[in-house]
């Protein structure tokens, strides 16, 4: 049978026993089948001396499939980098079914074997680009798979900002912060903050104010091609931040403008054939199974 | 100046003094400008003996613009019928700014004058088609501008049903009912039930369970081209209903399947130039104005 | 060992195989121990010809302990009647742990044996009294263990009413209805409607509007000795209802006043020693167990 | 007419033009009536050279009434200190009606005149005592009028902790933090976080998790005499804080225990006769006025 992928990158959480075990098993299993296997440098040493150790960017350049072992958090980190390359990404979870990591760690061979032979489904998940502008100049930017969050450095400190959609003023807000989430992120932080769930294929963003003072404020869903602009009040006393996926942080000063928009890059997420988003959702959220 | 519209239909709430006054003033003002004016039969008699009285379907056939005087409820009633015709629809509110009725009742002449000369914006709002199927046969169907609601005949009686999106099982639900709403309806009943707001141009639907037993259930936003199927448990003791815009009711029996999908018809909603959806939203929901 | 109870009433869901089996086993087990056992008439025939069949009121008069087999719904029905008598009530659940029925159906002997020897905890749960007043006259009244709900006969029909607390005007409301719940009911319908949880010993009521038009309306917790008055707008077109525990229904007309207050009666709920309300809560709502 | 109060302390926001104007007018008006007036040192210089300048503790010792000019935030700061003294406290708002500051700034004379003659209502609002314990030792403590909040130093960083009520384990939580609020605080931060409103006289606390991972978690109301214990997971990587009324901060380390309980002190809040809590609530939250 012809191979759907040829060069495979392995990525995982460093210094984590469960991940280590699965990576080692994956490395052996793939090498036995004559795949060209590269391993991300932070875990390469754990696997053995002959391992081809590369960094994440090189995996993006050399490989046509990246396998991420770990939780959704590890997938997010890899995805922010790999989305700009022509590479498929699949996740092996570390024990609990994840939204992005759907291969089981102990029995991945059967499902992954089929994927490698071409029996897979592809989903394209769009990313967000966040930019901080000061006095008309872009000061910093970064990408997010899940969400961009404007918030004060300190919790429980109200901030004031205005929100514009495609340069149309939407509202001013006094709140602890503001979440702009992709459909992928709609089951993460945005959901804890009261957001609605957006199915992964939806070309939309959800804006969720965090603890807004105006009780009538509700999450609002806008077209993914909208340009979201948050203008921080010059009156805010303290420093603020834009946080991307809860990992990368952009500093924000009073008076800054934050632009959030759909990135041109899309994550090419690979699932075993028969993948069912709603199955994962029911499983993660404890929703009801079939009645009859 | 050339006319953007030629034949105009007037629609309004019967036996309502404020509406009556505005309709009379509209009729006079339009006739003076030599527009061909038809009046919906339920209000025609109130306006005068020479009025050209027609029914709603005839307004759809004869006119290129319908003016609805009243609240959003009156607009919904007219829109469900007029969406299938090649006609623009504009609303004069009865005192409070509405989401669909944005011309002021006492000073409509200036704004409407410009609209009639072509200075207007057009929005296309999609409708929903709801069908009740029993033993493989379609028993009844109707359209909705805002939402279709599955609910028991009686309040506070839990019902059980399964939800499928494009024939994929999403979840089973024990709840007081289920709302499937358009973006237009997302600021109406769906919002009271905890739904997110969908901007009018979004091609999406929001599904909001009513008082679900499973506390982890949240509103879910799906692509507008999705086929929503609700399968009512055969165990439900009582009769149920599907309600369209809170007005038209389709009877449902235990075991029935309800299909809700985007209708092929779209309402052509006319707004004065410079119309701003967010302005209406802020006004209706008491949201914050500009800070600085 | 001395007996803590002497005359025991058995109550359960009629025509339900699981309940039937447990009732029979209970009847045999108690009779063997020389307890004087009465059985509620709707299930007495199922148990056998020599059974002492009585109605619920007689159980209240004759017995010092009632054992209810079934779900929380069966307990509510029995509790509304038995609260006015000097009797303890304990529940055997029909398979799932209930908030009010905490003895396991298949292994009740050990726990119940200890209860009968005096090793038990007593909780007093207060009830609500609902009255419908018309033109100054009380038209009907009933009690509720969980909640009183004002609602229209038909779902998704907005109603208008004013709310007074101890004759102080609180607010007017346009909503689908209004829930007034006890702490016992705070984990039932009120919770689905967005209410907070009130621990059982709290002398407080929670008022939860159902799908309120005013988005800033929130559940409000008031002292249990407050008199709640709901004044239905004379403008409401249709008939309404007050529903007690979702079972008993009082008819309401436009203009009526509904008074809801704490009843003088309290349910004496018996639990095995070591009963932990939070254990039930975690179990029913899927909350997190101990971390470390 | 006999005087209800004799020695009056004036408190207000320093360097604030509106507050300054009201304080000056108050000082003159009270001195003219021969009241013994002390002024808090941070605003005394603004009022004039002959002013009797004292600190907040001295106001507590010398005065039988304190008048706080400003917003609810200024009242909170004064109340945390004054609650331990035998003194009544009344608030003059700075323009917007506050929950705690209900005298109008421009026409305070009439209402305040009556209060000074004894026509007033007294409310006792309880405070919270928060303590941080480490290895069995109390490290720090403080009081709060509104709420105690456990949170990470940084926003959007999940923390893990266990919650005990009267030493009974309630649940473990992964969340951005936890709010423990008094009835007074139930209309402040707790409300933005989704909490229910507790009327001021209620002897209860509300616990509101902030952005909990477990979607079924809901605000929970417990008796005010409960001892709340939050045990921070030793696994939490970072430093945390307990914030009292958003002003005073207690440092928290992984493994610490936070005890929150009702303080023995109560704020004696003075209102003009006829004060109506629901009136303030409707006004602040935009709730519906009388219908008919």
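The letters A, B, C and D name the chains in turn, as written, and every chain counts its residues from 1.
The criterion applied here is as follows: a residue touches a chain if its C-beta (ideal position, glycine included) is under 8 Å from a C-beta of that chain, and two chains touch if they have at least 3 such contacts.
The chain lineup, named per UniProt: A, B, C, D = NAD kinase.
Please read these numbers as outputs of a predicted model, since none were measured by experiment.
**Q** Have a look at C-D versus A-C and report the one with more C-beta pairs in contact.
**A** It is C-D, judged by the count of C-beta pairs in contact.
**Q** Out of B-D, A-C or A-D, which pair touches the same way B-C does, with over half the contact pairs the same?
**A** A-D
**Q** Cα centroid separation between chain A and chain C, in whole Å?
**A** For chain A versus chain C, the centre distance works out to 46 Å.
**Q** Just curious, how far off is chain D from chain C if you go by their C-alpha centres, in Å?
**A** Comparing mean C-alpha positions, chain D is 37 Å from chain C.
**Q** If you look at chain D, which of its residues touch at least two other chains?
**A** In chain D, the residues touching two or more other chains are 191, 214-216, 218, 285-286.
**Q** For the complex, which residues does chain B have touching chain D?
**A** Chain B reaches chain D through residues 214-216, 218, 286.
**Q** Note which residues of chain B are touching chain C in the complex, please.
**A** 149, 151-157, 175-177, 189, 191-194, 210-213, 215-216, 243, 246, 285-286
**Q** Can you list the residues on chain A that touch chain B in the complex?
**A** Where chain A meets chain B, its residues are 160-162, 165, 168-174, 191, 195-199, 201-202, 204, 206, 214, 216-223, 233-235, 276, 278, 281-282, 285-292.
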